[in-house]
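The structure appears right after this line, and notes come after that.
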Amino acid sequence: MTTFAEPQAQVRPPEPRTGRTVLLPFIAFAAALYVIGYAGEAGPVWGLLIGLSTFGLFWWIKVTRSFVDGIVLVVASTISYSMFNVVVASREIGVTSGLAFRAALPIAIIGIAAGWVTQRNSGGTRVSTIVISASAWAGGAYVALLTAVAVGVLDRVRPGQTTTQLLTFGLFIAVGVASGILGATTNVSFWLGKATPLAVGGGALVTILAWNEIGFSAYEIWVKLLNIGDFLGEFWPPQFTWPKSLGQPSSFNMGKALIETFQIAIVGATVGCFVAAPLSFMASRPTAPNAAVYWISKSFLNLVRTIPDLFWAVFFATAVGFGKPFAGALAMIMFSLAIMAKLLSETVDAIDLGPLEAARAAGATHGQVIARAAFPQVLPNFIAYGLYVFELNIRASVVIGFVGAGGIGRLLDERRQFFRWDEVMAIVLVIFAVVLVIEAVSIYARRRIA
Amino acid sequence: MTVPDLAPDAIPDMARPAEPLAPKVIKWAVTFGILIPFIWAVAGLEVSPSRMWAAPGQVWVLISGMFPPDFTEMGRLMTKLLESIYVAWIGTLIGAMFSFPAGFMAAANISPRWLVAPTRAILSAIRAFPELILAIIFIVPFGLGPFTGAMAIGLHSIGTLGKLTSEVIEGVDDGPLEAIGASGGTTMLRMRFGVVPQAMPNIVAYWLYRFEINVRASAVLGLVGAGGIGAEIVARLRFRGDWPKAGAALILTIVAVLVIDAASAAIRRRIITGQPSQSPISKWMTAITGSHRDPRLTADPS
Amino acid sequence: MSRIQFTGTTVTYPGGLTALKDVDLVIEEGEFVVIVGLSGAGKSTLLRSINGLVPVTGSVTVDGREVVGASNREIREIRSDVGMIFQTFNLVNRARVINNVLMGRLSMVPRWRSMFGLWPAHDKEIAMQSLERVGIVEKAYVRASDLSGGQQQRVGIARALAQEPKVILADEPVASLDPVTSHVVMRDLQRINRDLGITTIINLHFLDLARQYGQRLIGLKDGLLVFDGNIKDVDDDVFRGIYGRAITPDDLVEGRR
């Protein structure tokens, strides 16, 4: 009988630390900061507590269990918040963004300490951890302060008042939570070598700030929903005709405005797409004639893409005159150009380069290579994208009338300014129907081509 | 070595085929299908050559009027810009939150047909309203301000994200779904462990992508008083003396959008491929972060 | 007189790799030349130096016209006399066969006409005749992607013929075809060389094909010209010199069956 070898002692691997396993302690950490905020009376106390809870978090998720690290964190936080307090107290009138910056700087001291602790415990040797950690802690504080400035909370602070009297809770909580979330998630991300905690923490921070700024309230929505009948009455029944539009002959009705919208969309899509086609070939590596043309056209397209459709409309309305559909058409050309060029140049990037070489070997010029070997490869896509761009143009050209660029949008804006919500509703319904029909036709046609 | 004689040395008389008609007809039909409406539209818009001729000059007057940009109101502009970004963020959040279940309800491989059809209809109806129009309607109950903007952007995002989410869900590999079903898993379990892990990276990437779009959209909503930087630009363009300030606002917006786009694109690439992107900046970032990755601490199964 | 002359021809790629080293070679009009060598020996590079598709130094002349340092216009003129056939066919798959063949006429028709695809009748006639010569004219209005591999390569040959070239360069024209089709295509090329007197230079991987169809054989190794002579003088020793090893079944098209 054969004997089997003694089974080797198997070592179970430790459970890997993922973003998820550290998330729970983080929530507790944030809650702790919030609660502690009410206990703190002044800067140093608050700093002490921040240091303690940061160390608590680090202990919990096993970044460090050394008391030396704890002492470093607590001391650094206490110093840092004392300095913060001094800066905030030194203000004369409200808190300005310059003061916010100066106040946030000392928070970097905690960041340095926390960064040092993380990098010491993860075997890394780079100074950059400490630098990034410092900027994350200070950055969180700065953003929180900046939001406080933006919301206007700090404008009302009078010079004589002490920090503790007025600002303590709100300000310290905001700054502490913000810098704590951003800073600590950064540290832990470094320690894990994974970006998840930072992404979650950063996202949470932005959400909190945005929520405050916008004053978002589910309660308000709920109340409004309860009284939905009140404002539905304003919109219903829709009023499809009205006497005479301002500044227009009385014959200028919805049909005419709609036709204008269509015309704007057609001109925009046609010109935009046909200008975009050569540009896309110039902005794609395999078909660009040379590096200079490639970079110039690529940057140009990126720039055009950055600017929203409505800005183009304002821009051209200002340049060529308000209330002219011509301005709208120009805006739609830029809008179509941006979309078509983006879609098409991505397609061109993926074409088969063989035929291009064959054409070149047959003595073709660069233009001929593009026109006969490259363009036929993307022609079906070009047509499909063209239809899609036209569909988007109809939607967008509804909107650009708002800034005086013609079309049915102008009618909408005008009725809105008269608070004729029933007429607004009628226009909205017409737009809705047109958009749906165009979308259906475009989808059908695109399917036929593909 | 025998060679099959498939290519006879003499060229056989082979009939040339007649050129088929259909492609030609289609070619001309498409040409006229584009040309005729175009001419009609150009005529209707009174685009005369003289106006076309004048336009570049007029645009140049405007552009040169905006330079050098006047950044004296930087603080105020930053505040407005932040407001726009916040509106986009909350709008995206609303869109993500509600489109997630809606995407499941609209996915034909998960939901029953009686649920799929109406959900899809509702989503496409929502999509048909541009954000601006939604904002106009929401101003009535909610008043002027960023809150209205966030609601409008959020609602529109539900429509677009719902559709994209359902498409991602319909594209998942149904092998794991069957496996879970075969081991007695409920629909809920199949979604949680079969669909979500597969679809989540793409869905999150779409959220980020929507955020990029929403930043542009929220910049625009200021026009109807729904907060943000758009109103600044429009107001500054009214008076010629203010053009440099409009230029400053425009530049600020463009820079912000570019930065957000670049950051979001890098994150999306990382989510989808699981790899850091290869741009110089991200290489530099990995050089920094990667150096701290202690193999003993990370979750590498190998 | 379409004589091709290499004098001290060297090709160095942008990466710094020298793929062809100081080659001296003369190919006379109407010759049928086969180039063999290991993968990476520089066969493709040698072919492409003739029509200036690679960065070449030294001197290459076609018909007495210098390729090295030629202006864009001059290089296009040289290329219009040199047809090229590719291993992967390099057809526009979405386009019809006739349009692919007409790409060979690009250097002969006015630019604006070619841009809009308004081909002169004369050029269409040449394209049709080229298709007839390779025996697939009945496929003229079929999409290129709907053809078999062998048919696609014959479209590639027709495209080269449509240039009415003095020289044809074929870069492993049969490498992606099965043995039977390989012979069909090789015979097409041989016949074209014989009937039209077009100088033909072919890169081949397969030694039996080289033996069967070639007249003159050129061997390359690591970018150096290591053999140049009549195919009849080639024995296993010569092959060993070029390949650095004995012949294996992998080197024979029949061996793959």
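A, B and C label the chains in the order they appear, each numbered from 1.
The definition used in the following text is that a residue touches a chain if its C-beta (ideal position, glycine included) is under 8 Å from a C-beta of that chain, and two chains touch if they have at least 3 such contacts.
All values derive from a computational prediction rather than experimental measurement.
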Connecting every touching chain pair, does the picture come out as line, ring, star, complete or other? complete
If you count the contact pairs for each chain pair, which pair has the most? A-B
Using mean Cα positions, find the chain sitting nearest the overall protein centre. B
Taking each chain's centre as its mean C-alpha position, how far apart are subunit A and subunit C in Å? 54
Between subunit B and subunit C, what's the gap in Å when you average each chain's C-alpha atoms? 47
Roughly how far is subunit A from subunit B, going centre to centre by Cα mean, in whole Å? 11
For subunit B, write out the residues touching at least two other chains, lowest number first. none
Subunit C touches which residues of subunit A in the complex? 352, 354-355, 357-365, 367-368, 371-373, 376-377, 379-380
Subunit A touches which residues of subunit C in the complex? 51, 53, 76-84, 86, 88-95, 99-100, 102-104, 106-107, 111, 114-115, 117, 156, 159-160, 163, 169
In the complex, the residues of subunit A that touch subunit B are 13, 16-18, 96-97, 118-119, 122-126, 128-129, 132, 146-147, 149-150, 189-195, 199, 206-207, 209-211, 213-217, 220-221, 224, 227-228, 231, 234-235, 259-260, 262-264, 266-267, 270, 302-303, 306-311, 314-316, 318-320, 325-326, 329-330, 383, 395-396, 398-399, 402-403, 406, 412, 416, 421, 424, 428, 431-432, 435-436, 439
Once bound in the complex, which stretches of subunit B touch subunit C? 1, 3-4, 6-7, 9, 11-12, 14-17, 19-20, 23
Where on subunit B is subunit A touching in the complex? 30, 34, 37-38, 40-42, 44-47, 51, 54-55, 58-59, 61-62, 75, 78-79, 82-83, 85-87, 89-90, 93, 124-125, 128-130, 132-133, 136-137, 140-142, 145-147, 150-151, 216-217, 219-220, 223-224, 227, 230, 233-234, 237, 250, 253-254, 257-258, 261, 267, 270, 288-294, 296-301
